[in-house]
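In what follows, structures are represented as structure tokens.
Here come two complexes built around chain A, the first alongside chain B, the second alongside chain C.
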Partner chain A sequence: MASAFVQSFAELAPDILAAMPGSGLPWLDAFRRGQLDAFVRDGLPGTRSEAWKYTTLRALERRAFRPGDSDAAIRDVDAACLQLEGVDGPRLVFVHGVFRPDLSTLDDLPPGLTLQPLSQALAEDAEPLRFMLTRGEAQAADAFTRLNAALAGDGMVLRVAGHARIDVPVHLLQVGAPAGEDLAWHARNIVELGEDAALTLVEHHIGTGTHTHLGTQVSDVVLHARAQLAWVVLQEAPDGALLFRHDRLRLDADAQARVHALELGGALVRHEFDAELRGEGARLDTRGAFLPGGRQHIETRLDIRHLARHTASDALWRGVADKRGRGVFHGAITVAEGADGTDAALSNKNLLLSPHAEIDTQPVLEIYADEVMAAHGATVGQFDERSLFYLRSRGIPADAARTLLTLAFCRAALDDIGNEVLREHLGKRLAARLPADGETA
Partner chain B sequence: MSTETHEPVSRLTDRNPEVVRALSRRYGAGFITDIETDSLPAGLNEDIIRALSALKEEPEWMTEWRLAAYRHWLTMPMPHWAKLKIAPIDFQAISYYAAPKNRPKSLDEVDPKLIETYDKLGVPLHERARLAGVAVDAVFDSVSVGTTFRKELAEAGVIFCSMSEAIREHPELVRNYLGSVVPAGDNFFAALNSAVFSDGSFVFIPKGVRCPMELSTYFRINAGHTGQFERTLIIAEDGASVSYLEGCTAPMRDENQLHAAVVELVALEKASIKYSTVQNWYPGDENGVGGIYNFVTKRGDCRGDDSKISWTQVETGSAITWKYPSCVLRGDRSVGEFYSVALTHNMQQADTGTKMIHVGRGTRSKIVSKGISAGRSSNAYRGLVKVEKGAEDARNHTQCDSLLIGKKCGAHTFPYMEVKNPSAIVEHEATTSKISDDQLFYCRARGLDQENAVSMIVDGFCKQVFRELPMEFAVEAKKLLEVSLEGAVG
Partner chain C sequence: MNLLTIENLHVRVAGKDILKGLSLTLGAGEVHAVMGPNGAGKSTLGYVLAGREGYEVTAGSVRFLDRDLLTMAPEERAAAGVFLAFQYPVEIPGVNNTYFLRAAVNAQRKARGEEELDSVQFLKMVREKLKVMQLSPDLLNRAVNEGFSGGEKKRNEIFQMALLEPKLAILDETDSGLDIDALKQVAEGVNAQRDPQRSFLVITHYQRLLDYIEPDFVHVLADGRIVESGDKELAKKLEAHGYAWVAESGEPAGAA
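Let's look at the complex of A and B:
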């Protein structure tokens, strides 16, 4: 017997599929149908499944969601909350996964930058997107990736032409708004940087008012030779939201990506980040902090694969769990046979601030080559008493000292964001999240 | 330099007679002892278990315990989560009992062939070898063939005997503790072991006694088409302490033989148990034919406050090693330790590590794991550190290092950390690297040949673990490592 969750998609899907952008293209229809059938057949993974060991979906199984939001185009959104300090380039706004031209600014795009919603790209010429959109078929996708493949009709399509260096950041917003019932929305992004291209992408998840929607987002990012991507993610979904994001990144020779993620919101959030370093000399830096408080459950899963020689990756993640929050981190580095000269490092440090909070961390190394430097480290603990003592001896009250130390602990993951104004803004958002004076357990 | 480092072994062996010799003496314990054995027919069912139990003259409750475990085992699927490629095991093709025909009454009556076997393996069973000062329980296939120093130990109040004897002579102790650390249905292989275990060692150290000598068990698989399913139970009462060693070897055969043991340790208040293993089961040949499947459940329970359990293992043998010696730190301020060297070569596979479950307050654990992979082998560390809600001020430090020798091997690290108490401090670090050309060059510039240089570097890499072994074992472990690595570097 399928769960209520699966049922809610199985029953309503046929007419939803027919109304989606790109519907009518035989290859796309067949692909979506196949993904949905696979989702309905297999349902949600249980905790017996290794990848879901620390994230139970039992509560989710009992819930039903309305697939898609027919009113997404007219939902009232406060334009002021879309602003982000230091980010003033082109902006794409999606409400419940549906493109909102009225809120977006796509005029005067710099030369070399192509930026449009997926729905529009599908209507104009779907064929060039075929490979990217259907590539999930070959992979053993999980339930949410399948659901997204079947039901995402919109998202961002971003292309930077070879040798174009875009100096204004592109701002992508996924907005959730209150609705009469719980919705499920899906977004599919495609990003491609040509040879020697450079881009800064800022991805921002917010909610206007509280809601308890479920969102999925799948992003495919391809960096051709020597391309450079700076990617900053600020996740501030409302506290009741459920968000499943899956990023798939491919780096060709000498391409470089720097990823920063600050995970603050959501009731149940899972971020999967897969990267393949396929070209010689490719480099990936990932940094991030996750701060589950309340009853939040935030999971980050990195899967970094070194497939070519002389590739490098460096990951530095911080977790702070407070109240009844639970932080889960999984950081896997694989060095394939022949990927000699790889230099890989991963560090995950965590703070537990409350007796009811929990941190589960699992750094993984799988090494199949021998000319390799690979290291990982993970810790779970609390404040260094000496640092606390030092601050108090300087006249700083205990609570303020704790907040200060927590802030410093997380800031390490954000300190090398290139955009200074944005960096400071993230620092402020972070500080606002931390327990105020006197509130600490 | 680097071309020389990675010269294929085959080319080297063609022209270097010394290497040919070295390679051919790689597994020294691979001989077969020609001795008449009694064995049960192959197959597994309730009748076989009843027959096994009857052969061992066991009481009714023991037979029932076995049958209950067997019935539970039938409901369990074979686990597949480990990073191992395991050829299907036909549990009906194994003979679950094999024993030398002439059962001795005392050590003096033991078949000289057996004594010779253990002499060849360097295990002192014979009177004249007793100067070594280590009490030995020798397990040959399914039975214990002799235990030394029993009188001396009995004077100190220590019980050291085979499990079969313990069931007959100390049923109340066995009944009280057997399965209390590893329940009969704990996992697939533990359930199988509970149903068919044939022998093993039993150690009981009474209150306040410091065991006067090292205890050891030497496991030998000899007969073909059998498995070895031994069960070891060590109990240290309040304030008692003991150091226990185990060693294992098996003949070279083309078949994969199954060794599924269960080891249970119980440490009561202020007790301490040190358990050391040098595992040298036959690893199979360079193409991965034959070798022992070593699927063992080892768990220690620090039941009392201030107790301590320390595991040290040197794993060089077995086609597949799959085990996680663990500590359940229930008593306040109890301490768990795990020191491991796991070496895989040729087609060997290892998925090993530990679990440290912190339950009591102020509990501490330390994990040092050194993995060495060579040839086409795969070597994985998998470990869990769990801090339960009530484990105030728990501390753990884990250090996992992997050394790669060769281009075709794999080294993996899968640590799990689950922390539910904010006062805990849990730390994990891991590194993977190969022996650097700089290190090799330095050693060779000092006049060491390639093989000695590698062996010296590996020895340094493992030192932290070898330090934990009793001296005789440390020497053996070092030798084993050298022999196992021969031919790994051209």
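Let's look at the complex of A and C:
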């Protein structure tokens, strides 16, 4: 007997599949159908599955969601909430995974930048997308990635031509809005930077009000030789939202990616970040902070694979859990045979602000090459009492002192964001999530 | 009215009695030195006055400007005018020194119902006080005490004191770990802040610091109590004869 969750998709999905962008293309129809069948057949993963050990989906199994939102194109969204300080370039806005031209800004794109919604790309010429869209088929995908493969008909398609250096940041917004029922939405992004291309991408998850929708997003990002990507993610979904994101990044020779993620919102959030450093000299820096409070559950999973010589990765993540918040961090680094000269570092430090908060952290290093520099460390701790007393002895009230120390703790993960205005803004958003005066755990 | 009145103070730390009936009175503008051997309870006295957790007062009282100091939170004591210069100032990575100092100054002003300083007013004040301490302005842009040398840390403490303008400054072994030049600089910073409205409690193991910061009164702390009190000549006697001399000849003082 399938769970209520699976059933809610199984029943309505066939109608939805028929009406999705790109439907009628035999290869796409077959792919989507196959992914949906696999999802219905296997259902949600249980905690016996190693990858889901710390994230239970039992409560989710009992819930039903409407697959798709027929009103997504007309839902009221206040344009003011789409603004992000320091990010004033092309903007793609999706409401419940559906592109909203009325809220987006795609005029006057700089030369070399192609930016369009997936729905439009599928209608115009789907063939170039075929490889990317179907590449999940052969992989052992999880329930949410399959659901996304079957039901995501829209998303962002971004291409930067070789040697084009785009100096305005591209702003991608995924917006959730209150609705009469719980909705499930899906978004599929494809990003490709040509050789020597450069881009800054700002991915922003917000809600226009409280809701308890479920969203999935799968992003494939390919960096060709010497391409440079700066990618900043600000996740501030409403506190009841469920969000499953899966990023798959490929780096060719001497390509560089710098990723910053600030995970603030959502009831149940899981971010999987897979990266393959496939070309010699590729470099990946990931930074991030996650702050589960209330009863939030926020998980970050890194799977970084060094497949070529002289590749480098540096991961620096901070977790802060308050109240009954639960954080999970899994940082896996694999250095493949022959990937000599690899330099890999991973650090995850965590701070518990309440006796009921919990953070589970698991660094995993697998090394099959010979000449490798690898370092990893993970800690979970509480406030340094001496620091707290020092600040208080100078007159700073206890709550403000805790906030100051928490910000300082997280700052290491955000310090090297190149866009100063955006960096300051992220710091403010972070501070706003911290326990305010008089609030206790 | 006395600024600070400590009566029969008993303090227990981690289950062990450290202060065992300490009494001490400071008037406004006075400089008192508390000297004593290691383990006498000198640092405990500083911490318990500043309000550090884990210091259990089992008997006695501390009145500061006619308020019960022991019931006040550390930040309330600071706003009321108590300042502790730490023996080991804490390094706080990620917290900018200027930001911290302004937060501290303004938190105190706010607690006292005074107007907070804007950044222009604050920086003007900082520049004036920096000159006195001969501190390099680039220390302001670094994280609190992070990577500071021993002497810089101690001077930063005295610089903070200058900014916060306390009524009672407690210097906890401010001379420890300093060479003679650094010691002179710190002492100059302290002396520049001597004022009829400001009292000092100088806690030290060695008489050396008192050559540069001249006390009005000297007390000897041994085994959790003041066992001898006198003027600055007492410090010299201690230097000559050692603390064992006090244990033999001294009568408990200040217990009246």
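Definition applied: the second predicted complex is superposed on the first by the 439 of 441 C-alpha atoms of A that agree within 3 Å, B and C clash if a C-alpha of one lies under 4 Å from a C-alpha of the other, contacts with A are read in each partner's own complex, and residues count from 1 in each chain.
Throughout what follows, a contact is a pair of C-beta atoms (placed from the backbone, for glycine too) under 8 Å apart; a residue touches a chain by one contact, two chains touch by 3 or more.
Values in this document were obtained by computation on a predicted structure and should not be read as measured data.
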| item | value |
| --- | --- |
| Clash-or-fit label for the pair chain B, chain C on chain A | fit |
| Partner chain(s) touched by A:E337 [first = chain B, second = chain C, both, neither] | first |
| Which superposed partner A:P397 touches (first chain B, second chain C, both, neither) | second |
| Partner chain(s) touched by A:E358 [first = chain B, second = chain C, both, neither] | first |
| Partner chain(s) touched by A:R386 [first = chain B, second = chain C, both, neither] | second |
| Which superposed partner A:R411 touches (first chain B, second chain C, both, neither) | second |
| Comparing the two partners chain B and chain C, which touches a greater set of residues in chain A | B |
| Touching partner for A:A375 - first (chain B), second (chain C), both, neither | first |
| Nearest-approach distance, in Å, of chain C Cα atoms to those of chain B in the combined model | 14 |
| Interfacial residue positions of chain C with respect to chain A in the complex | 50-53, 73-75, 77-79, 83-84, 86, 89-90, 92-95, 100, 103-105, 107-108, 111, 143, 160, 164 |
| Interface residues, chain A side, partner chain C - complex | 384-387, 389-398, 400-401, 404-405, 407-409, 411-412 |
| Residue numbers on chain B that touch chain A, as the complex places them | 81, 387, 389, 402, 404-434 |
| Contact set on chain A toward chain B in their complex | 50, 54, 337, 350, 352-355, 357-382, 441 |
